[in-house]
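These are the structures, in structure tokens.
Below are two complexes that have chain A in common, paired first with chain B and then with chain C.
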Partner chain A sequence: MFHRWRGPGARWRARWAGFLYVLPMLLYLALFLIYPIGRVLYLSFFDVTLLSMTPQWAGWSNYLWAFTFRMPGQEGVYFLASLGRTVLWVGLSLLLKVSLGLAGAILLHQELAGRQVYRTLAVLPWGLPWAIAAMTWAWTMNTQFGLVNGVLLRLGLVSQPVAFLGAPVAAFVSTAVADAWIGLPFMVVMILAGLQSVPGDLLDAALVDGASPWIRFFRVTLPLVRPVVLTTALLSTVWTFNSFDPIWVMTRGGPVSATETLPIAIYNVAFRLLRFGGLGKAAAMTTVQVLVVTAITLGYLQALRGGQEGSQ
Partner chain B sequence: MKGRGIGLAVALAVLAGLLAWSGTASAETLRVLLPIGGGYTEEDQIAIAEAYMAAHPDVQVEMEFVGWDALWDRIITSIATGNAPDVIYIASRWIPALADMGAIIPLDPYIDEAKWALYYPAVWESVEYQGQHWGIVRAMSTKALLYNKTLLEAAGVELPMTSWEAILEAARRVHNPPEVYGFGLPANRFVSTVTEFQNWLYANGARITNEEGVATVDSPAAVEAMEFYFGALKAYAQPSPIEWRREDLIRLFKSGRLAMYTDHVFSVIEALEAGIDVGVQMVPAGPQGDRPFATVVVTDSIAIPAQARHKDLAVEFAMFMTNFENQATWDITLGFIPPMPAEAGLEAFNPWYWQVFIEGLEYGIPQAASIQDWEGVQEALLTATQKYFLGQADAETALKEAAQTINILQGVQ
Partner chain C sequence: MRKGLAKVATHGLVMLFLVFMLLPIYQMVITALKPEAEAWLVPPSLVPRRPTLENFAEMFEIVPRLPRFLGNSFIYGLGVSLVSLGVAVPAAYGLSRHPIPGRRGILFLLVYANMFAPIMLLVPLYDIIRVLGLLNTRPAMILAGSVFTLPLSVLLLASYFEAVPRSLEEAAWVDGCSRLRALGQVVLPLVLPAMVAVAIYAFITGWSQQFVLALVLIQSPDLMPITQGLYQFFSRSSVRWPELMAASLVAASVPMLLFMLVQRYIVQGLTAGAVKM
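Up next, the complex of A and B:
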């Protein structure tokens, strides 16, 4: 039997070839993920501001600052108040995205005339730059010239224009709505893809067994698209946690601090409050935020795994 | 033959490209960071670069434009990453922070006698920090009270209004929402909200800090100014002032639905062009005022980063931008107050409305005198303003909290 001779060079090539194939991705991860995270972690242990870029070792003091600093006149610890606000804001935005995303996907999954047109229209908001979308929402909700107030007034639903961005609770909800609108197309498209992958024979079998449309949806469709919904919701959670543009463009964190979520607070500490803030403290806040988001991600993955095990 | 012809054409094209590239590479490239928006247009600024390059064919001026909103961030991130442009356009209120960072250089060694003599002394004071001058003023503004004469005269208001009570009474008389609003009040989380409030603070003899940098914005005079401007006038303001920037109010004013508000001279010109019968007067003294009128004086300037790769060239370009002819053209076109006495004598500045703003300089107070970290101070004042406005705190409490924050920022607690 003829054996092809494989010298040491060939063995080396075989061993390293796989590594070479993934090298570009490893380099990419190192450059754009590991280095920035490492740099943030490094800065969080140093006293460094944009006023003085020479880092001085600070130990855990930036973390201590994050968990104790109170802005004069504000209730609670600045960082924790922002974190709490962020969790609520992300929760509200995500609730809107998932519920409306699911509803939109189900609607677009139906046999409708001009379905392709609706599907295309549904994706359009995602094509807009976020800042432009936020600006559009700010004007749409404007008290004096806004479309929403115009419609509400004409329909007689309100007697005075509503200050959507001028009152704390209204601004909190309005920015979350704008953020949900921006993120909705992604949710719709992903869930729609999930719906399309549900095997028709399963639904047919349920139909033959006499299951009502509700039973078919909740007992067959929903369990099968659950992994897609959870994965999409996970991605959306991470993105929403980092959402900056809609709030910055619409309210800049105001009125007072009603919409000052963590990204806005971190930005203010790094760029605006130079004398008592700075990059080190902003980095400590960022590190804690990353840990919080990681914990949420692990929770999601656990839920996803549980769902898959349960479905088998 | 055909293939050879194509090859030759490609080779010639590559050669031509290389020649063109080598020509560009031999020119020195000057990177300039400039604002856009808020009255600043690309065309007017590019025109200066083109004029400079026409006179200096060996220099390539690359202009980068950033919205005013993002200019501060762009400047400090470029400095933090060691990639600062050669020339930067800054709000003069940023000078202390940038100078403390070692981010910009003092320009005293580059300014000759003739240049010193061109400007009002107060203009140089606006770019002075720790005994040195860190910028060359490019734009200056004072503010005044713009009013719709037709509306106020129809309401029987005596003009000009000589006291705060008279302004309040006029706003009350003319206020007829949603057709007409008595007073245009900006309370958005934006720099111009603080700037416009400063007019009233100063008119009542109050200041943000004293000369040592200690916050005095919680003084009784400041509390009274806040209670008047954001309190009493609020009843006659347009709906939801927190959503409004001063920059947005001109639209309401031009539509004839706003009786008065404080703004720049260029808004007067805009309103006149829209057919509004505009009146202009200085903000009169408040009950505790120490001068008959007051205005905040805001200047923007050209500065040279310490990291500039072509410092001498950068200085030369800055001098070119701000020479008498270019400065006059700039001020007339964009509607800024002339920072040079000789410029103020030009015919273009003769119209009555210009004179109100120019004469206002006599009663003007710099925007950020003795303030080291404007951005932080601005945030503290905006929070106080919105808290009071929303009824979350009374004026005294809101301003005391702002003063505490400002003292931390100023390092004087």
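Up next, the complex of A and C:
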């Protein structure tokens, strides 16, 4: 519309010339994203395992399996239990990410000497490979030799070292903490960017009206950064839902199945449980995950639009 | 007086936050500096009593393929970087300059693609790579890995292309430049910083986050990225922590340092509102 080209022919050419620029990307996404998503849907209706790669039509049986299969020696339906566990785990990790992210961003927004150094240090972990972060967390939380127990024992906060990864509930919380830690720099930086975009004159006006710092924060700043917090949290929800590395490295889904979230379960069903599982069954489970991610994405776009309108 | 007290309290809270954010990194550094015997003290020493650099020499004996793993990750990083840039630069230019049919749909696709993680597409990616005959090869890791860096690369670059005034380009056309020459000589130099940022971002991701893909696409230890390579030593029953942490520190410092350079740009790309939907 902005082009000053003349004549319908030129206009038509411009449209399709533009398309040529985008074509390689579309082909790439078609082959490595769209086709794989379609393939997941397709395979979810077939019997395929690593041992017999020729798909055999299976109807809805993979979904039926997902909603009925009970792992010998474990409580509940395998897939539903892992789905429920995922919701709790994502909830815990996200709660930590949002609350600590907000707190950290507010702290780093204050005018302090050395603020730039603080900011740099706070987001330093962002570049750390997730798998290495997880290995290091496992060592930091090691029962006998880990730093956390070392500090807790010295401060007299515990009398016995804590087995952070040894017991079901402890491992559940510990992996969520490690995951939250991995995602925190992103939260802090995004919310901080939101705080920085709060117009100074609004705060000045509130100051002139005699508003206390608390009032100014809760009545002016917080409402203005709410859209940023919301969109960042939604984006983070999806990534947390997909989180694999921290759990896989720290507990492999254990002890027993305490940290076996959906991504871990999908991997196990596809590549490890050769007797009970298979690629078709894993595809059925993945389809459910794709649906969840799609739903959150739509919510995210809605929030993004709302945020844009709000700021205009 | 009260103001001063508030300042001190704020500094204190910031410190507390930083303690949490730097805890594992601190653990990594002190373990890498501890002699073997000191790493097994109960309770552990909080500061290395006799700091040594010997672990940085011994890590090559404990993890003999370490140079190889680092080299592989470098190649994966470079490959992902080149593919991302090669596909994203024209796409971002097209999206910001041309009235492309289905533009909204394409932008939605990019945001949607950004939500996917390797674990969800592991089964079909394994399938595609197998059909292409690329299982257990380097191109497999690069091709599959680039899908996950492409969306953010395009969104980030497009927001920068948007910021270049069209009048600059049009002036070049009037001067008799072809469209491609105007792009190459007028527009690209202006978005060069963003291109460098995207290249570094994709390199870091290729270096760091190929762990899951390597689980199924790679069997040969000679092709393992550094994350998988170190994980093999981590999952043994007796872990040599000082050497492993020394190797981890080397492996992690590359992406961590690079990340500090591009963090600002990545935030801009993630606040994708810059590209009007």
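Here are some notes:
Just so it is clear, the second predicted complex is superposed on the first by the 277 of 312 C-alpha atoms of A that agree within 3 Å, B and C clash if a C-alpha of one lies under 4 Å from a C-alpha of the other, contacts with A are read in each partner's own complex, and residues count from 1 in each chain.
FYI, a residue touches a chain if its C-beta (ideal position, glycine included) is under 8 Å from a C-beta of that chain, and two chains touch if they have at least 3 such contacts.
If you're wondering where the values come from, they're calculated on a predicted model, not measured in any experiment.
Once the two complexes are overlaid through chain A, chain B and chain C clash, as defined at the top of the document. When the shared chain is aligned, chain B comes close enough to touch A:Pro255, but chain C does not.
In the superposition on chain A, A:Gln144 makes contact with both chain B and chain C.
Of the two partner chains, neither chain B nor chain C is touched by A:Pro55.
After superposition on the shared chain, chain A has more residues touched by C, the comparison being chain B against chain C. By the touch criterion defined above, A:Phe271 lies against chain B and chain C together after alignment on the C-alpha atoms of chain A. With both structures placed on the common chain, the touch criterion links A:Gly84 to neither chain B nor chain C. By the touch criterion defined above, A:Leu107 lies against chain C but remains apart from chain B after alignment on the C-alpha atoms of chain A. Across the options 3-11, 147-155 or 219-227, chain C meets chain B in a clash only at 219-227, per the superposition defined above.
Chain A uses residues 53, 144, 161, 271 to touch chain B in one structure and chain C in the other. Chain C contributes residues 7, 10-11, 13-14, 17-18, 20-28, 30-31, 39-46, 86-88, 90-91, 93-95, 97-101, 106, 108-109, 111-113, 115-125, 127-128, 130, 143-144, 146-147, 150, 154, 166, 170, 204, 207-209, 211-212, 215-216, 226-228, 230-231, 234, 239, 241, 244-245, 248, 251-252, 255-260, 263, 267, 270-273, 277 to its touches with chain A in the complex.
The touching residues of chain A, when paired with chain C in their complex, are 1-4, 14-15, 17-22, 24-26, 28-29, 31-33, 35-37, 39-40, 43, 53, 100, 103-104, 107-108, 110, 112, 118, 120-133, 135-140, 144-151, 153-154, 161, 181, 184-186, 189-190, 193, 228, 235, 238-239, 242-245, 248-249, 263, 266-267, 270-271, 279, 282-283, 286, 289-290, 293-294, 296-297, 300-301, 304-305, 307-308. Chain contact summary for the complex, chain A toward chain B: residues 50-53, 71-73, 142-144, 160-161, 163, 165-168, 251-257, 268, 271-276. Taken together, the chain B residues at the contact with chain A in this complex read 72-73, 76, 79-80, 97, 100-101, 188-190, 238-243, 252, 372-373, 375-376, 379, 382-384, 386-387, 389-390, 392-393, 397-398, 400-402, 404-405, 408-411.
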